[in-house]
Amino acid sequence: MDVKSILEAVKNGTLSPAQAEEKLKTLPYDNMGFARVDNHRKLRTGFAEVIFCQGKTPEQAAAIAADLAKNGSNVLATRTAKEHFDAIKRLLPSAVYNTAARTVSLEQSPPQKIGSVAVCTAGTADIPVAEEAAVTAEAFGCEVTRIFDVGVAGIHRLFDKIELIRQANVVVAVAGMEGALASVIGGLVERPVIAVPTSIGYGSSFGGLSALLTMLNSCSAGIGVVNIDNGFGAGYLAGQINRLLFDKGGK
Amino acid sequence: MDVKSILEAVKNGTLSPAQAEEKLKTLPYDNMGFARVDNHRKLRTGFAEVIFCQGKTPEQAAAIAADLAKNGSNVLATRTAKEHFDAIKRLLPSAVYNTAARTVSLEQSPPQKIGSVAVCTAGTADIPVAEEAAVTAEAFGCEVTRIFDVGVAGIHRLFDKIELIRQANVVVAVAGMEGALASVIGGLVERPVIAVPTSIGYGSSFGGLSALLTMLNSCSAGIGVVNIDNGFGAGYLAGQINRLLFDKGGK
Amino acid sequence: MDVKSILEAVKNGTLSPAQAEEKLKTLPYDNMGFARVDNHRKLRTGFAEVIFCQGKTPEQAAAIAADLAKNGSNVLATRTAKEHFDAIKRLLPSAVYNTAARTVSLEQSPPQKIGSVAVCTAGTADIPVAEEAAVTAEAFGCEVTRIFDVGVAGIHRLFDKIELIRQANVVVAVAGMEGALASVIGGLVERPVIAVPTSIGYGSSFGGLSALLTMLNSCSAGIGVVNIDNGFGAGYLAGQINRLLFDKGGK
Amino acid sequence: MDVKSILEAVKNGTLSPAQAEEKLKTLPYDNMGFARVDNHRKLRTGFAEVIFCQGKTPEQAAAIAADLAKNGSNVLATRTAKEHFDAIKRLLPSAVYNTAARTVSLEQSPPQKIGSVAVCTAGTADIPVAEEAAVTAEAFGCEVTRIFDVGVAGIHRLFDKIELIRQANVVVAVAGMEGALASVIGGLVERPVIAVPTSIGYGSSFGGLSALLTMLNSCSAGIGVVNIDNGFGAGYLAGQINRLLFDKGGK
Amino acid sequence: MDVKSILEAVKNGTLSPAQAEEKLKTLPYDNMGFARVDNHRKLRTGFAEVIFCQGKTPEQAAAIAADLAKNGSNVLATRTAKEHFDAIKRLLPSAVYNTAARTVSLEQSPPQKIGSVAVCTAGTADIPVAEEAAVTAEAFGCEVTRIFDVGVAGIHRLFDKIELIRQANVVVAVAGMEGALASVIGGLVERPVIAVPTSIGYGSSFGGLSALLTMLNSCSAGIGVVNIDNGFGAGYLAGQINRLLFDKGGK
Amino acid sequence: MDVKSILEAVKNGTLSPAQAEEKLKTLPYDNMGFARVDNHRKLRTGFAEVIFCQGKTPEQAAAIAADLAKNGSNVLATRTAKEHFDAIKRLLPSAVYNTAARTVSLEQSPPQKIGSVAVCTAGTADIPVAEEAAVTAEAFGCEVTRIFDVGVAGIHRLFDKIELIRQANVVVAVAGMEGALASVIGGLVERPVIAVPTSIGYGSSFGGLSALLTMLNSCSAGIGVVNIDNGFGAGYLAGQINRLLFDKGGK
Amino acid sequence: MDVKSILEAVKNGTLSPAQAEEKLKTLPYDNMGFARVDNHRKLRTGFAEVIFCQGKTPEQAAAIAADLAKNGSNVLATRTAKEHFDAIKRLLPSAVYNTAARTVSLEQSPPQKIGSVAVCTAGTADIPVAEEAAVTAEAFGCEVTRIFDVGVAGIHRLFDKIELIRQANVVVAVAGMEGALASVIGGLVERPVIAVPTSIGYGSSFGGLSALLTMLNSCSAGIGVVNIDNGFGAGYLAGQINRLLFDKGGK
Amino acid sequence: MDVKSILEAVKNGTLSPAQAEEKLKTLPYDNMGFARVDNHRKLRTGFAEVIFCQGKTPEQAAAIAADLAKNGSNVLATRTAKEHFDAIKRLLPSAVYNTAARTVSLEQSPPQKIGSVAVCTAGTADIPVAEEAAVTAEAFGCEVTRIFDVGVAGIHRLFDKIELIRQANVVVAVAGMEGALASVIGGLVERPVIAVPTSIGYGSSFGGLSALLTMLNSCSAGIGVVNIDNGFGAGYLAGQINRLLFDKGGK
């Protein structure tokens, strides 16, 4: 599958130049007409493809899920409506729905254990986004500690949990409204912090813009920010950091 | 000067209706052509007029200052450039320049002591705005405690000073970048907090917008926000709260 | 409950260092899994916790309400839908719903009387936000005068009421569209003005942005601004100012 | 010059169809390469062309001014730097510079008197924009009353002048910061109000955006808004309204 | 009702100072609790109050309508839903609903004829806003010519009608999407143009922002802009210009 | 129909000046009251008028469609709801609905074949906009190749198709979220690229703003951008480029 | 240089697999440390690389220019300051500076003639951006007609030139302020229109945003938009369209 | 220094409760009046404090640098002007200035080697921000590979380097204009990617907003974004990820 072995095969005459050219072109994805399922992604980026269901019909989501599953991969679908779950379940009866996180998952083999993540929220209303992050990180083998409702309006709640947070390899800080949680955590822990602004709030929160700007402008360093409500992206990045640690022999 | 006494004078014949009508119109301000100096404001709002110098020529600023001073008022000019100070000093030689706060003041009689204010900043670069707030509050008789560089990136610096902050009647929280200081203080003190976003920062701070939105969306209640870099407004509002306390017999 | 007495107990041997460490950590909040109810807030900030229901399920709101109520606190829930009220009423049958303000309250003991607030609106459509401010201020013991529909398009309506407004300790000015009411009141009264922009308007009001910017840029000083439609925040801040007055012996 | 007379000339044989076609195309402007000076505009829109100098070189501005002047027109140039004036003066020695309004004018014949305009400002710093409006209106024959520094922070200053304002046919209200002046005037007078937001302010005034939105969202009806700092546009529109009155026999 | 006659009465003893003070305060509006109906507005601004129904309950709208009607005024309500009409009709059975303009009107006496207005739209979808403008202008006595779907994508349609447009005293140009219609008309007519941006469009029209900015930045002078979708404001301002003409003896 | 022949007719006496003037005015569009159907557009801009149905009632859409069809034109309606299709079908029973593209078309004569277009999407959710572009281009005679789901997150999918893309005369790149597809294609092909941002995304995609800005700021040159979700505009512009090629004898 | 010939060489033994792998990697650009000059781009996209000088030091610009020139390419540098020109001239003495367009060019061989472009501006101040477009298009072999100052405020100036504009293969419409020129031209010609918003304007033009939105929301179809002030991008895209025509045998 | 040992000392009588209370408060920072230098940060977050010089006077920067240096720490100052360097050098003669990165550093002991980082830029103009990232990461012990000018307009330049990029533990992708580089790299590597938008660009790049939104909305997962131009933040976060790896025994 790599360039060198194809070229060797050409040299050995096992492969004609035309065949080789074809092989170089035919990359390992399944073309489903409306989508090109990337079975190759796991090799390329360390994780299998996750199905982002917003904007996809239930039928499209289910077809992609089945395509991924037939290769034995675990399947994770995010931003699923109930209709997506129903369609997936028809094709993959063992699929499981997580209402809070709005994810559908199918675990065909347990993921490799790769490290720990603390997922914190400022408030109760941020929990769905945090759950999406947690479920995603778990799907990639992270052990997740959930620490919810520790926002800065009552900062003693955060301090009570700070040692627990410090034990994680990576911290995901999920907050809407003014989003100050990420800054405060960033000043208190020595590990990478992934900040997730949420659209929780009203008025001049402008759909999460307020929390997003807060996190980007944090006076604490060591914070990487993802899109508003992007729990999946935070969980995935946390997984990637833990994967790095795992691959390099850390524990 | 009030409607009732004018009307009584009309009844008594001391004032003709025409004179009364004139008096009702002639409100106590000095018309300087380019400006109408409001000598009446002290009676109406509890504080004398403060000269906002941005957009005024040095000559205009100095003329207004002299006009206010001739009635014995203390004078405070904000957003002054060196040129404003020079022009004012020519007319009012005792005027004093505060470089950090960019204010010019002339104290003809000490202001009445009306209460205490804590002025806090997140960082060093926020100090000029904080100084404008402090100088303004002092001009109106507040006792000001300055507590600088206690931003949330190193939150232990704030906690070390929190008792001091709690002793004030009113807290002014000045912060740029992500502006989280106001939220954290708001969750820790039981007194009114006036939040001043500053334009300190770069990139997506968008000239103070980030800190402004943070403060408006604070998950801590009890916070009133003023315009970006508006140290004067914060000091004035703090003064007004203390003035209320003073007028109502609090101590 | 304070650090000093814990440390004394350690010295006296009444408390082991480990126990003391534990106590210092265990701050007085109830962990409900999805939320950490802050029973301690009343001591820390002068007011009990208020339940912000937007983004909470009816069950979550009701559970928090019951938790607060079991300690004898008065309960105030804001941004409630009918469903929140129904769920709260099942657990707390004496809870009362205020349709205009969209609040649910349970008064177990009358709040201490702490001072007066004038709540003004520019128009009729601003009344729900104003009611939220009024109900909140009343919950904290303020005496509230409601003065509605006195916007600047017919400024004589405001002038007719200005003496009434001047009698209050604190003025809350609620306005949408161009939000000029706060500036005009700010120029006419000597008391702190809390400005609440509302999302009333259309087109370039951009969901309240127009009124918000107006209030932040007011040429009248002494105005603190809260988030768009944040009646609660204004009522709370008004309460905090009156509480300051009360605590310091003002009347 | 009108279509009908050209067609008559064609019928009469005075003009060949080719000549007629040419005439229909050759509209009365002077092509100067970099600009097409519109000598026809006065016929078409009631006013001669005004030279907007921002973005033009002094030489371009002067060439256009001379081209207009050679037809005997009065000349008005706006947004002029000193360099523009110098260049124009070299070609038109009688041209006059108005420093405050940043205009250059050459009056070859007095404009027809067409009506009255009141130009009001909220503050001192708004005067340059107001002057541009006033000079423009005067150039088109309006009689202008200047009423400066009557902003809403001290609303008695406005009320003192309201009768004077009411006597004008059209009112131009110039204000920066929160721009509430237009709303208040709009509620008090029965004449068309032209609102000019200015870029005076700082922080969240966002270069005049705050005042612009205020004026567009005014709760007073009868207000037409022009661009930020567009004193010229306001003076021109005021002139157009007065011109209508004049043309229709009003007085 | 004016200050002078009240003062004369005081002098004559017909009125005590206390009574006079009361009279000066009691301005002629009806306080309905939720609204202060401004019966005085017609004297003050030349037009009776119009009921803006968005954000008002049907009952509130109907009560205000009835209050205005009982004085014999014509009634105009804008931004009405069907529910508002139903409620108004119950109290005022002769009220008429205009579906396109979303207005309710009750004409008790024909309005004075005051002049002409041309209302133009760029497209078909802009018609509802244009109708609101037209109905409003008609309510104030203007004769309205409707010229719809003459946008610049097919500019010959506009040119075909330009003479008709030029005959009006005032032109209202209603356009969404890029809003260029106002600029083109502004360059072709010598009368005041009132530009109304509409929210018609999608994507980067951002709810009418695109058309609004176009109109504010028009390279044609003589254009006053109102809020997005504000047909009422445009009709009202057109009425005010015509009223000026009428009052001053123009025809 | 052109000016010259009309003028000749005047000269010959076949046409009176009055008739000629009338003819010059009466441009070839049908005035339907609410719309002016532009039958002349095909001559003027190379393509017949397309009916943009958003904001039009089904009846209006159908009436315009019928008006265009009666001249034998092919008909294309975009942004149609099911209701528009139903209304059109009643008048034009052969009309066909394309669900994905949300277009209705009636082909009375096959369009002239004018060239090729490649329509590419980054993701599955971008397909509806891409279909609108494809259907539009096909309606004008382009041969369209659809290449979907080749976004940059798995760039090998794009490279696999790049030769196919290079064979087209014009490339339409449709992408939401971060919209990087256009830049990458722009750097790889030598043909004009038309970039269509879509509103696919969430949070800080701000309804397509993110993709729009990406495309406008592309570091690859040779990219023209259309409005967010404007598949029609892209297909039309692609058609215009191919039409140019066709008219000038290219193949 | 292409994959197939490299593979053939491997088969023939002329190239070892390792050499082939190396060749596949070593793409034809010169690595200058700070920049990778893309000598290959002409083959890949039809045009040689153009040097965008903003943000580059004069030395960097000159080094890249020399690197391109040594291969015999014509050189075009845009957004050059005088310092860039001086540095380039030292290395390439025949380089020529175009002050208006702010470009530096070196023509070593005349470009192939590929077609015609009309470059139009709304105003005089838009000329520099238009010149950049014109110079770029000329550098790629287009014949350019310049038609300046034909904005819609005096639309007869545009109509006078419309036949000239219609003769071009591609039209570039350059406009600031409200940017309506592109819409009007788009409705009048049957050729692709490339719209260039400029930052000319003030106040709510917001640095060209107004013109940009206008062009994106144009009600005329067939318009592709480039970035604000991006004359180069427009000229390049015009060149690409003409190149397509040329390559396909059009004339 | 930790709570437990203080408490043990209290138990043992080595420390009185009062002393202990004092110790708990006295956190290890130096109060310099204008700043509180956080010598404790290295213990708390794994890295010593870095001096952000923007908004600080040269004297303040130098005083903080000296304070940090006296404890033997390495010193890094970012966003330094030449004046900052001069002031620091006077106190710390071994300090070194990096012109491209605008950093000042003093290395008193070589940092511990903790892992590798690849710093990539899209263009030449992004290099200063990239250098700030590289210098910061190096200061914390990372081995940095610089890969500049590999933007997506000539994507073969990136592919040529992709294996090199894949060897790093962490990738920093620095890009202005449309910022697509991060998405493309994110789709090609399996390691955490830190995206840094830069303010390089013009027009609708809006000071880096375009690149920022692109990166936040990336369709590739595993990307954490920092503020516009925040090279320091990216280098710091990269360092924190490598530090995690190092601490956990990875290699």
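The chains carry the letters A, B, C, D, E, F, G and H, assigned in the order they are written, with residues numbered from 1 in each.
Simple rule for what comes next: contacts are C-beta pairs under 8 Å (C-beta built on N, C-alpha and C of every residue); 3 or more make two chains touch, one makes a residue touch a chain.
Being a predicted model, the structure only gives us computed values, none of them experimental.
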Between the pairs D-E and D-G, the one where more C-beta pairs touch: D-E
Length of the line joining the C-alpha centres of chain A and chain B, rounded to whole Å: 49
Whole-Å separation of chain centres (CA-atom averages), chain B against chain F: 58
Chain centre separation in whole Å, for chain F relative to chain A (CA means): 38
Intercentroid distance (Cα basis), chain E paired with chain A, Å: 54
Overlap residues in chain D, where contacts from two or more other chains coincide: 44, 123, 154, 186-188, 203-205, 209, 212, 216-217, 221, 227-228
Contacting chain pairs - touch in the sense defined above: A-B, A-C, A-F, A-G, A-H, B-C, B-D, B-E, B-H, C-D, C-E, C-H, D-E, D-F, D-G, E-F, E-G, F-G, F-H, G-H
Residues of chain D defined as touching chain E within the complex: 44-47, 50, 169-170, 186-192, 194, 212, 216-217, 221-228, 232-233, 236-237, 240-241, 243-245, 248-251
Residue numbers on chain B that touch chain D, as the complex places them: 25-27, 29, 33-36, 38, 40-41, 44, 54-56, 60, 197, 199, 207-209, 212, 227-230
Residues of chain F defined as touching chain A within the complex: 123-125, 127, 148-150, 154, 156-157, 159-160, 200, 202-205
Complex contacts: residues of chain D adjacent to chain F: 3-4, 7-8, 10-11, 13, 16-17, 20-21, 24
For the chain G and chain E complex, residues of the former touching the latter: 122-123, 151-155, 177-180, 183-184, 186-188, 201, 203-206, 209-211, 213-221
